[in-house]
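Going in written order, the chains are labelled A, B, C, D, E and F, and every chain counts its residues from 1.
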Amino acid sequence: MTALVTFGETMLRLSPPHGERLETTRELEARAGGAESNVAVGAARLGVDAAWFSKLPDSPLGRRIVSELRSHGVRTGVSWADPETTRLGTYYLEHGGEPRGTSVIYDRADAAITTVTPAELPTGVFETAERFHTTGITPALSESTAETTRALLRAAGEAGMSRSFDLNYRSKLWSPEAAREAYEELFGEIDLLFAPYRDARTVLDREGKAIEVAHGLAAEFDFETVVVTRGEKGAIALREGEVHRQPVFEAETVDAIGTGDAFVAGFLAKRLRGGDVADALEWAAATAALKRTVGGDLAVVTPEEVEAVVDGGGGIDR
Amino acid sequence: MTALVTFGETMLRLSPPHGERLETTRELEARAGGAESNVAVGAARLGVDAAWFSKLPDSPLGRRIVSELRSHGVRTGVSWADPETTRLGTYYLEHGGEPRGTSVIYDRADAAITTVTPAELPTGVFETAERFHTTGITPALSESTAETTRALLRAAGEAGMSRSFDLNYRSKLWSPEAAREAYEELFGEIDLLFAPYRDARTVLDREGKAIEVAHGLAAEFDFETVVVTRGEKGAIALREGEVHRQPVFEAETVDAIGTGDAFVAGFLAKRLRGGDVADALEWAAATAALKRTVGGDLAVVTPEEVEAVVDGGGGIDR
Amino acid sequence: MTALVTFGETMLRLSPPHGERLETTRELEARAGGAESNVAVGAARLGVDAAWFSKLPDSPLGRRIVSELRSHGVRTGVSWADPETTRLGTYYLEHGGEPRGTSVIYDRADAAITTVTPAELPTGVFETAERFHTTGITPALSESTAETTRALLRAAGEAGMSRSFDLNYRSKLWSPEAAREAYEELFGEIDLLFAPYRDARTVLDREGKAIEVAHGLAAEFDFETVVVTRGEKGAIALREGEVHRQPVFEAETVDAIGTGDAFVAGFLAKRLRGGDVADALEWAAATAALKRTVGGDLAVVTPEEVEAVVDGGGGIDR
Amino acid sequence: MTALVTFGETMLRLSPPHGERLETTRELEARAGGAESNVAVGAARLGVDAAWFSKLPDSPLGRRIVSELRSHGVRTGVSWADPETTRLGTYYLEHGGEPRGTSVIYDRADAAITTVTPAELPTGVFETAERFHTTGITPALSESTAETTRALLRAAGEAGMSRSFDLNYRSKLWSPEAAREAYEELFGEIDLLFAPYRDARTVLDREGKAIEVAHGLAAEFDFETVVVTRGEKGAIALREGEVHRQPVFEAETVDAIGTGDAFVAGFLAKRLRGGDVADALEWAAATAALKRTVGGDLAVVTPEEVEAVVDGGGGIDR
Amino acid sequence: MTALVTFGETMLRLSPPHGERLETTRELEARAGGAESNVAVGAARLGVDAAWFSKLPDSPLGRRIVSELRSHGVRTGVSWADPETTRLGTYYLEHGGEPRGTSVIYDRADAAITTVTPAELPTGVFETAERFHTTGITPALSESTAETTRALLRAAGEAGMSRSFDLNYRSKLWSPEAAREAYEELFGEIDLLFAPYRDARTVLDREGKAIEVAHGLAAEFDFETVVVTRGEKGAIALREGEVHRQPVFEAETVDAIGTGDAFVAGFLAKRLRGGDVADALEWAAATAALKRTVGGDLAVVTPEEVEAVVDGGGGIDR
Amino acid sequence: MTALVTFGETMLRLSPPHGERLETTRELEARAGGAESNVAVGAARLGVDAAWFSKLPDSPLGRRIVSELRSHGVRTGVSWADPETTRLGTYYLEHGGEPRGTSVIYDRADAAITTVTPAELPTGVFETAERFHTTGITPALSESTAETTRALLRAAGEAGMSRSFDLNYRSKLWSPEAAREAYEELFGEIDLLFAPYRDARTVLDREGKAIEVAHGLAAEFDFETVVVTRGEKGAIALREGEVHRQPVFEAETVDAIGTGDAFVAGFLAKRLRGGDVADALEWAAATAALKRTVGGDLAVVTPEEVEAVVDGGGGIDR
């Protein structure tokens, strides 16, 4: 029985080796990457029966995405599109140390998912699933994805699922104003909001500290739970008036991409495994820290590793 | 002074290692590939001052294409497009032995070049250049590229340049009927036609042997020279009623992609260096054979190597 | 609903790059390989809902095996063993051209599977599955695997499943005499036998041509179907007195390991998809030929590719 | 004339690339690694004529170990075992940044060395050698290796060699109690003890500071010299009542595995080259620091580099 | 119209992978590296029409150098030498963390450039170029290069070009005394001096702080501008009595080689683009910082990236 | 006790990956290669106690050569030269299929060995060694190497060793006339001559068939044994008037470089192991065939593999 269902775009992520630039590289590493499937993979690896819904071209490239997600135990509900007329979204990622910084080039226009409709997806699974998750990237992709996002959130609600949403504002996809309008239209269908503090300020025009932002959002949109993340400064969660604070676990970063998704995966996994919000925040922070030590978008971790980080510890056992 | 000007799309070519499949690979080799720039590179390497016109996104990916072409000595006349609203065409290439065969996935829709107009290109160079070359791929890409192809051929003609055209029919881009119509509209502006025998039959509805095809095309469209290529069976050239035959030079094939373009490069380079048609056919066949021994689309060869193949010879000199 | 269930050992396969020797290499390619999981992967890729039963250490190495199989859509029914007291079988594979030849070093003693018992495996799935497959490698591994093989074959028979068995004699695991005794003890529970001609002669002491071997085995052990494979000389199948012959499809071999398993996968997949024995032989031969063009043990192919080989055809479509 | 003889197991060390996990990697780096051969290699590179005794399968894998050690100038005295019935110990090493940490999976059970006997080893060399070294790993491998360790220590003593021993407690091989018993049985044959502070506390139940531990051990077991290492906190040596302290040299760590062995190698090499204990401690610390900058178990360093670290200095000379 | 002309040796730079040593590596990364071409590449990438003069063997190795420089847009004016009697200079670079440090082995004796004469170089371009740059490495290579350096500086001066010179003292090429004599002979032809503080002290025997060194040199040799660089402590420029100070921008260093050349490239590019000395120092420092994040000798950067560093900023935009 | 002593230059061999060209590659594979050390390695691997004498720069590059040879069990007698004033010879090798062919660029001028003198080498070992081998490359390198070659041959003769010599004519090092003169000066000191048929004709001006060449040379220079190799046409040996013929064993060639040296190694090893000339020819041909299947100059083979080729056989045993 699937516990967590996610919906969103997964792209082929192409990145040059360490210290090499996109402009000069002869070699690209290919991996699957997408906010919602990153969450599904993280959750599946942490012991949750997780699924991911999407639309892909019926080609080796589309199958590649499914293969990689499936290898981590994620169930996939994919609408397969004609590969002659659709494409797989890709993104080019160049890691760079300071002051150069990491940069991203999206090449995701007209990806297969931009034509998805709710009818194409196997939502029958909603009858028995517990949670649904998507992010603010998905409604930004096209009218169709926006509509499908709304329809799935509604259907999940009708099926009694808890629905979570990560703002994940992408300035390359839309303006803050367009994003805000779309977000607010969806907020009525959302039980648990993950809000990066910066997005809350830039897009939702919130002011004040993280805790004020959380209280304001919870009050205005009636979220059951609000989690505000502040990068290196940790995260807070507000649920039923109670505030939980969680510092970050320090990490040697190999690849920062996917850290936020790992955080969400850790949170949702722990909740689905019966943990309370404070436990879930700990797992979230630990999963995020572990993710940073691994190349790729995905949180290739185990529950034992997450527990070990939560418990402190470490050292080579041999 | 530029001797040869080419015009067309160059893509990022992404291919997995030998024996690996696109669906499972973690690594992609990245190279520049495009019929017309393949010709320009081959010609430049063979001693001709060659240029390539195109339109690219002003991004690391677009600059990557220019860098690779420039490294072989090609001059580039590029119209740089907004990288937020255009993209670089890509193609995925999977080499496979028989019976699997090599396969290609194009991801070239909406590439920057599809919006090119003649006014964007530095055609002033036509005043002093000798030859212009493009292929049947370019007019297939968009209305704009079709119009620009026509305009450039006309302008080249007005400037007194010799204009060559390689049919290069691509079934993934258009139907034989659409291609035929477009080709025939251009034929009045073409002096030298390169016609793969298969394309001549499938698209131009020609019947009979290669020599009959050449005579028929020359007669109907008044080409100065017609070169018909028949893969392993060699090529023939018809010019001023005279027929020249050229067998292939045997080659151990590492990468067959770009062989036809290497043939054209060898032919044009030898003509520009003062060779007659028979000499040019020899260079064409030798360049094509050498190309097959090298990975990538490009004919990374030297005039000395081409001469050595023409002269027979071989063996390690040490 | 699972259509095909397989049972056997899957190892970590470690191999040096092309032209490099185990003794000097600094780099090893790591892949999953095992006769029965090779069959399951091939069948799953050809559209069959396939499962694989086994026992693995509960470690990153054990999970690695499951990940790779799952990425191709295989369901896994694994008994997880204590990683401190068991190990993952490995095998070192060195590809070598003639006259050196390819060589294999097994390091599979005391692998987790050698302690497996029927009770550890999720045989409930037998109620609704159609076919069960294992090979002559499995009973050679240990007393426990031999007993479990017998028990599973019996259980599969009781559940009404069709049971197939590939002799797959391994001289590094046991003597021909020991193998023969074990095989013959199992033959009463087998409906479909895959017999490499060489194994039939060496181990089962059969004489005469492939067809005679098939008739003899079918008569003596009452198999419903016998398929005798003769490497480059093709295969024959005998079913209900009718003989079907199938030549091989020529292939450019990148990696010959797993060819026999790909043959079985193609045969079983086509049978499960409703094909008759002649169709199944064609698919078997085509899947085997395609497998040879791909690195690794696994038949990373698609039904469309198999059909294309059966239909002839080929050439790069672009 | 061999100056230093070591005895112990050397394994094939398999590790994924930086940032990659064992569970998902397709590529493993293969190197030789083992505490005693690490010491022999380090010492040989620092100008000492060093030998290593062991038992290996007579296979490409066994020869691989010998090749790598020999490439650094180590003499090898190997008892070659039947490759069909023995195996080469392996270990999987996954480097990970904090909080993930580096992890090790041993696959060394039933390695060829576990059946070694003193008679198989070329101990004639003891007549003229100066020092013998082994570690607490070797007696933990099997009854045979424990007996052989005892026998070699005795023989070395009878030949007048100075005998050193590094506790090197491995919790994956035995309990602290079993280790303690075995250690104490050997201590009577040991002149120079290397004791990691943590092992001294955990296994030998020592309390107090490093200096107290050293005094206590020296007093109880009558060691000529005791060296206690405390990781980042440096090391102390006690000899003839005199205490020498050595801080660590800071290092940018690429690979921490083998640091302790490099320390021992530096110490023994300097002693064999005529240095006093204080000099030897400096060389030990410098060799250990240099080792950390190099991938693999081995201290691929030169005497000049060790001297340069001892002297301070640095910067690119060009 | 070429704005900047440089002259000097470019070598093939061969370096092992991260953490590997030259003595044990099986793989070397090959790149072009040379102080003056590093400057030309950096300047070309920053929008300046830049050229590089040199002499190379007419071989694949010589052409490799030209290809790599040309790929970044540098014009090359090369005298091609007989490959049978000359060679390409090479240098082996081993990156190492502390305390090992990075080391360099030059293998540049008798490189083709050591026989260069002014007559071989296309100095006609001086008529319209603005700036000429070379370094203290070039006159150290041979009598011929020393003479050619003098001749080119004179010719550049006669053509009205501004001439810059970077001391770049190389202790492996000559003694401080020989260098000083050669430098001082050239100083009369130099308008802009780049003086690493250490070189100024060691070779030019200057004392005092950077500012005093600058004043002293400017006074004694009548330089228009003196730039003294002090590594991590930043740089100062003195021009027309005015002093400009520039701190370094912090950088995560992947490869420090070429940092000084990137500094010069940034400075010259900004000056040629119309910036004043203070602007040029900012660009110099920013280009140097960015260079450190990229592998290889070359400053693979863009004007936009340099501006972004100058303006602060950062973070992944997506 | 060393059985075989060789003398000659070993270079660093640098080669791009398969299908890549020197002009464009970013990666070079580094290996040791030199005719005489190739022979020593092959012989050592085939069970002979073999040594190699040479002179190398005392640098990581020089040590790299020794390390690689030593890893195969070769004893090295090296005169270490000042790395500031000498260099390591290198050669660039580009493998290419037909019609491109494999090409070699030597960069060996002024290598350390060019200054070697007999006094620098540990010829004391000659007292007890059985055979001495060198090739026609060594006297071509410099006056010093020519003199040292003569001196060593004389010393070996005086010590009663059998002396072999492989013509190995290198047109890039000297003219046929110069080579002939040098060869003939040495022939009086040679017992066993290996003469590639082509070299015998080109350099020694021999006419007629291989057998006539052998008879002529034996008669004129009083060689005990003459072996003439004819590439694909096999080899013949003449000894005491008796002629032995040996066809080649067919091989799938990965790397043809070193085939001739492998032939010599197999011949000498078998002779030293007590085989007669016919046996030695078989081993020579088998070792040469196996060598072709392995990358690099070296015959990384075993006596068992050579025997297996001699005996026919093959197939994967598993």
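Basically, a contact is a pair of C-beta atoms (placed from the backbone, for glycine too) under 8 Å apart; a residue touches a chain by one contact, two chains touch by 3 or more.
Because the structure is a prediction, the values reported are computed rather than measured.
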item	value
Path length in the contact graph (chain C to chain D, fewest steps)	1
Touching chain E and also chain F, the following chains	B, D
Farthest chain (mean CA position) relative to chain F	A
Rotation in the CA alignment of chain C with chain F, degrees, nearest 5	120
Interface with more contacting C-beta pairs, comparing D-E to A-B	A-B
Interface residue overlap between copies chain A and chain D, same or different (over half shared)	different
Chain whose mean Cα position lies farthest from chain D	B
Distance from chain F to chain D - Cα centre to Cα centre, in angstrom	39
Gap in Å, rounded to a whole number, between the CA centres of chain C and chain B	46
Centroid spacing, where centroids are CA-atom means, of chain C and chain E in whole angstrom	62
Residue numbers of chain F (touch at least two other chains)	18, 21, 23-24, 26, 67, 71, 172
Arrangement of touching chains [line / ring / star / complete / other]	other
Pairwise chain contacts, counting only pairs that touch as defined	A-B, A-C, A-D, A-E, B-C, B-E, B-F, C-D, C-F, D-E, D-F, E-F
Sites on chain F touched by chain E in the complex	14, 21-31, 59-61, 63-64, 67, 83-84, 87-88, 90, 92, 94, 105, 107, 109-110, 172
In the complex, chain F residues that touch chain D	67-68, 70-73
Touching residues on chain A, where the partner in the complex is chain E	18-21, 23-24, 96-104, 106, 170-172
Residue ranges of chain D in contact with chain E within the complex	18, 71, 249-255, 286, 289-290, 292-295, 300, 305, 308-309, 314-318
